[in-house]
Amino acid sequence: MTGITRTVGLATGAALAGLALAGPAAAQEAAGVAPETQYIFNTLSFLVHGFLVMWMAAGFAMLEAGLVRKRSVGTQLLKNVALYSLAGIMFYLVGYNLMYAGVDGGWFGSFAVWAPSDSTDYAALVEDGSAYASASDWFFQMVFVATAASIVSGVLAERIRVWPFLLFTAVLTGLFYPITGAWQWGGGWLSELGFSDFAGSTLVHSVGGWAALAGALLLGPRKGKYGPGGAVNPMLGSSLPLATIGTLILWLGWFGFNGGSQLAMGSGADAAAIATIYVNTNLAAAGGVLAAMILCEILYKKIDLTFVLNGAIAGLVSITAEPLMPSPGLAVLIGAVGGAIVVLAVPLLDRLRIDDVVGAIPAHLLAGIWGTIAVPLSNGDTSFATQAAGILAIGAFTFLASLLVWAAIKATVGLRIAEEDEEAGIDQVELGMEAYPEFGPGLAH
Amino acid sequence: MTGITRTVGLATGAALAGLALAGPAAAQEAAGVAPETQYIFNTLSFLVHGFLVMWMAAGFAMLEAGLVRKRSVGTQLLKNVALYSLAGIMFYLVGYNLMYAGVDGGWFGSFAVWAPSDSTDYAALVEDGSAYASASDWFFQMVFVATAASIVSGVLAERIRVWPFLLFTAVLTGLFYPITGAWQWGGGWLSELGFSDFAGSTLVHSVGGWAALAGALLLGPRKGKYGPGGAVNPMLGSSLPLATIGTLILWLGWFGFNGGSQLAMGSGADAAAIATIYVNTNLAAAGGVLAAMILCEILYKKIDLTFVLNGAIAGLVSITAEPLMPSPGLAVLIGAVGGAIVVLAVPLLDRLRIDDVVGAIPAHLLAGIWGTIAVPLSNGDTSFATQAAGILAIGAFTFLASLLVWAAIKATVGLRIAEEDEEAGIDQVELGMEAYPEFGPGLAH
Amino acid sequence: MTGITRTVGLATGAALAGLALAGPAAAQEAAGVAPETQYIFNTLSFLVHGFLVMWMAAGFAMLEAGLVRKRSVGTQLLKNVALYSLAGIMFYLVGYNLMYAGVDGGWFGSFAVWAPSDSTDYAALVEDGSAYASASDWFFQMVFVATAASIVSGVLAERIRVWPFLLFTAVLTGLFYPITGAWQWGGGWLSELGFSDFAGSTLVHSVGGWAALAGALLLGPRKGKYGPGGAVNPMLGSSLPLATIGTLILWLGWFGFNGGSQLAMGSGADAAAIATIYVNTNLAAAGGVLAAMILCEILYKKIDLTFVLNGAIAGLVSITAEPLMPSPGLAVLIGAVGGAIVVLAVPLLDRLRIDDVVGAIPAHLLAGIWGTIAVPLSNGDTSFATQAAGILAIGAFTFLASLLVWAAIKATVGLRIAEEDEEAGIDQVELGMEAYPEFGPGLAH
């Protein structure tokens, strides 16, 4: 349904949607909706679904603010507002065209500032598969980049300084994300290989996770998090209500994330596909929630709410690679496996002494891998081998390139706040203010 | 405008909208918008309005988290996330078809897992009144079920255990709500009687309220809530900002709740009807707010914010049974009566020693009854007698069936946490964690 | 594209959008989208963008609750819920028709209660430029009035009593805002002069700012805010997470604020214009964030999050007068200047001993002036002289009329709570309750 953006994944999606609905839809569709009306619907889908994904910026900000300690809340909020802003500017200056302009089976597009280019020959645009306002497409793609950067922010919380973090964010959103994005959604080599990632389990969520993992390894854990002899010191998040509203914002935003990735709403088949995507997205999140709850109850006889929230997110990430083709029941199961991954992997990371403050590596990276691997369960045009190839290629590139940049930043301007400042907290150092100045120090934990 | 779902209410709504707009709209409409375009608009209305209603899950979660004591906030959040997840799965497995499949004037539909069924013969779909993606309809109906369950969650807060609550939720969302829903929106006996409930003052809000009331009676009040000699011990909510953002989320979501219940947006008349519904919905909430404020000022010389927030909700519930036909001025008045009900009924419940933690019984059950009774004020096709009959039938069924299930759960796995655990709070028992671990115990109240 | 509402601004906008897209769009558009379909799209744009702006009520409530001290949070929340409610009712009773009915080059419209007036002759409506449901237009215009009133609420926080504040709100939303609105968007004398304010940098944001400034002068600062010898006593806001989610809600809502102000979505050119507006709106906010951060770092070596949040808002306000014509790069710059204004002007206000609790005067009034002045940078149909004339006329009227009303209220029922009550806080006086009753008094600051 679309020309440049997400070419292969899209064409596949639309075609399959047509098949799923049975019948000679194609011809009828072309006849059924006037070209200019199609253009409006497609543009509207990008805008409405785009603002839902933009809203995920608030979701990440609240989730992460709720899961860090009180002393770090202000900085976490600042980083989220700043990264969303910076991601947009970088994607405008470099990212978009690097990802989408003339990739043509290759490795990346061109280095050029993005500029809107619109035509009013709607019939020709429909013919070309690009019947939407170019600015609406840019807006929708931009909010995806920001999502990847948000994931990094959570993992490295409470110890990374603001400006070095933003330096990395600029590279991630201007270069790394667009490059691997070009391989697939830009119509590059990976898409020609037959890899499929409908809305970004790998291209967005795992990319964020890999970049964060590289950073976490170089940054090291928070002071006092791990003691001698494998001891893990729990550092409880400051506010479960914030973490919960953050998660529910993400859930809402995900209808935009997956639904908008149909990239068109100008035909009945596209509208029906979006509706199916909404249902599957919701059911996968529900599956993630219930699986995490049940597993918590079995393992711990209590239900840790943070596992449940990350279970919802993992369910959402899991269905993101293929939200259209699964039956509702399969969607529940795919999400449930995602939820289980969270409960099992969070303690594992602690055993490896990787300090992932908000649990984003299980929820985004591991569930993203699972979701991408699971695509062939419902999408017959894909294979486990190709899916694995895409996961490996994107993972290896993102992890190694990120490691390099993190190391360069560490070696030059440095990454962490001073060790002696960690007790007072990063907010004192970076902001000179407290998130809740009137609420006192509370009890020591 | 639609076939199976909400048949009578809908057909009425669309017809009246046509009348309200005057003129020979019907023929012109059919000619004016191409069938496939109608299909896209109708589907889009279900999706956009559906995601607004989904967002109400966050509204209930925040409202309830703000109105319970700090020690219970985590559990309240968990229950809201869990019930929304479970409601979706139960409605998929049982509820939808029980409510909508082949009710045909009877008492309930069929027992069958829901499956999407789509056609691309858009002209025939328009003819049939079902020109929308079946998945979009499912999504929209599903978020309504979850709303009913959310109401229960608030009333029983701070003392009901998580799993027994979810057991009841499964029955409510899989069986009880769909059965009474079938009577009316599924095209059952009550709809043939002439009962009218546009968006669910009775079918959603009172149903939730009746189920909660039954639970509250069997569960009993929180320990220490009521003292000897009629003493009422105020147990203040933990956070007014959370309660407020929760209420404003509900207000926003209600545009979806009522607007989407037009069930169509594929004609100018339908679009105009939705616009009218938005205006009336907003004005009714405003009326509820101002009435609650003024009444508070008169009675107490202070303005209790929780009354004002519940006044907004009561205003919204009141207009839900008929948001299309009233003039703007009447909408304000209908909402204002709802707001007054809250201020007057909350103390009454305390006198009856019914511990409704969040004030949901006045705001949802009583205002829901008022709103349903008020339908004939603006809708000439209804009568007070028929409205009363519907209220009584649905109320009696839901209350008694719920009482039975609550009693069965109480007699088997039990409902409450142990009395000796209530001081420490339910979060310690069910989650093993605190909602705000770093904020200390605060002052005793 | 529209008849009565925002006539001039609109026609200009649509025409320019057509030019920007190049080509013989006009004829093709009329042919391309059927009249009734146009009507649905236009109505839908008002509704979707309108609910986004309605959501800004929650944004202001949270932002202001986060920026006042704990003792004033409940009252601040109440005022925001109440003003939104009251604004709707006043705009229904007086404001709408005063602003839009028969202004015809003059100073104001007619005094009459608003009533919907709909036709189903869609072709004639298209011809007339008013192909939308009248209720959808009312809804969209109404949420703008509420925005202006929200700005006042923040500036005067912590010391103004609830009912006097609402009295002023009634006058502002029923009379003052509609009158200056009539001058421009109602098709009055200012629009004939050639003034341009696409979505309300001046008509909404500066109007709110001027009204608030007048109030702040008469109300005086909070007790203890300014000491002898120019000492400024910082009174830190209670919750940065609330301030942040409030800001991000505003950011989201602004896509509705600016995007919906295209006032039409029934043609490809309109849809493309809305998409461009989304992009520019987002980039201006991003520019405001980064400029505020960089300037903070340079001036203070720390990054004050409240400056950054107000920087985002100032960026948004700055682009609001002309979100369509600037290139993306210019949008970043316009927003960046807005962000810089905040960092520079907040201390200035303190030096003038004007106690603007939330920083709204820099973010809304000053950035609104800047944004309006900047229109000719990209819109060749405007001039700096005309823009300045509009700013002065609207500013002078709003400031003086507001001053008069504030003075009258002060002289009669009074404005402030008693001085001896300020230590305990306004919540005790007005609500008789605390916003966070279980969180203790915290540390003195």
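First chain written, first letter: the chains are A, B and C, and each begins at residue 1.
Following the convention adopted for this analysis, contacts are C-beta pairs under 8 Å (C-beta built on N, C-alpha and C of every residue); 3 or more make two chains touch, one makes a residue touch a chain.
This structure is a prediction, so every number in the text was calculated from the model and none was measured.
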Angle (degrees, nearest 5) of the CA superposition of chain A onto chain B: 120
Copies chain C and chain A - interface residue numbers shared by over half, same or different: different
What whole-Å value do you get for the distance between chain A and chain C if each is reduced to the mean of its CA atoms? 32
Provide the list of chain B residues touching at least two other chains, using ranges where the numbers run on. 34, 37, 44, 48, 239, 245, 436, 439-441
Touching chain C in the complex, chain B uses residues 20-23, 25, 28-29, 32-34, 37, 41, 44, 48, 52, 69-70, 236-241, 244-245, 247-249, 251-252, 255, 259, 265-272, 274-276, 278-279, 282-283, 285-287, 289-290, 293, 297, 300, 302-306, 308-309, 312, 327-329, 332, 436, 439-443, 445
Mind pulling up the chain C residues that touch chain B in the complex? 34-37, 39-40, 43-44, 46-48, 50-51, 54-55, 57-58, 61-62, 65-66, 73-74, 77-78, 80-82, 84-86, 88-89, 92, 113-116, 118-122, 133-136, 138-139, 142, 162-163, 239, 242, 245, 430-441
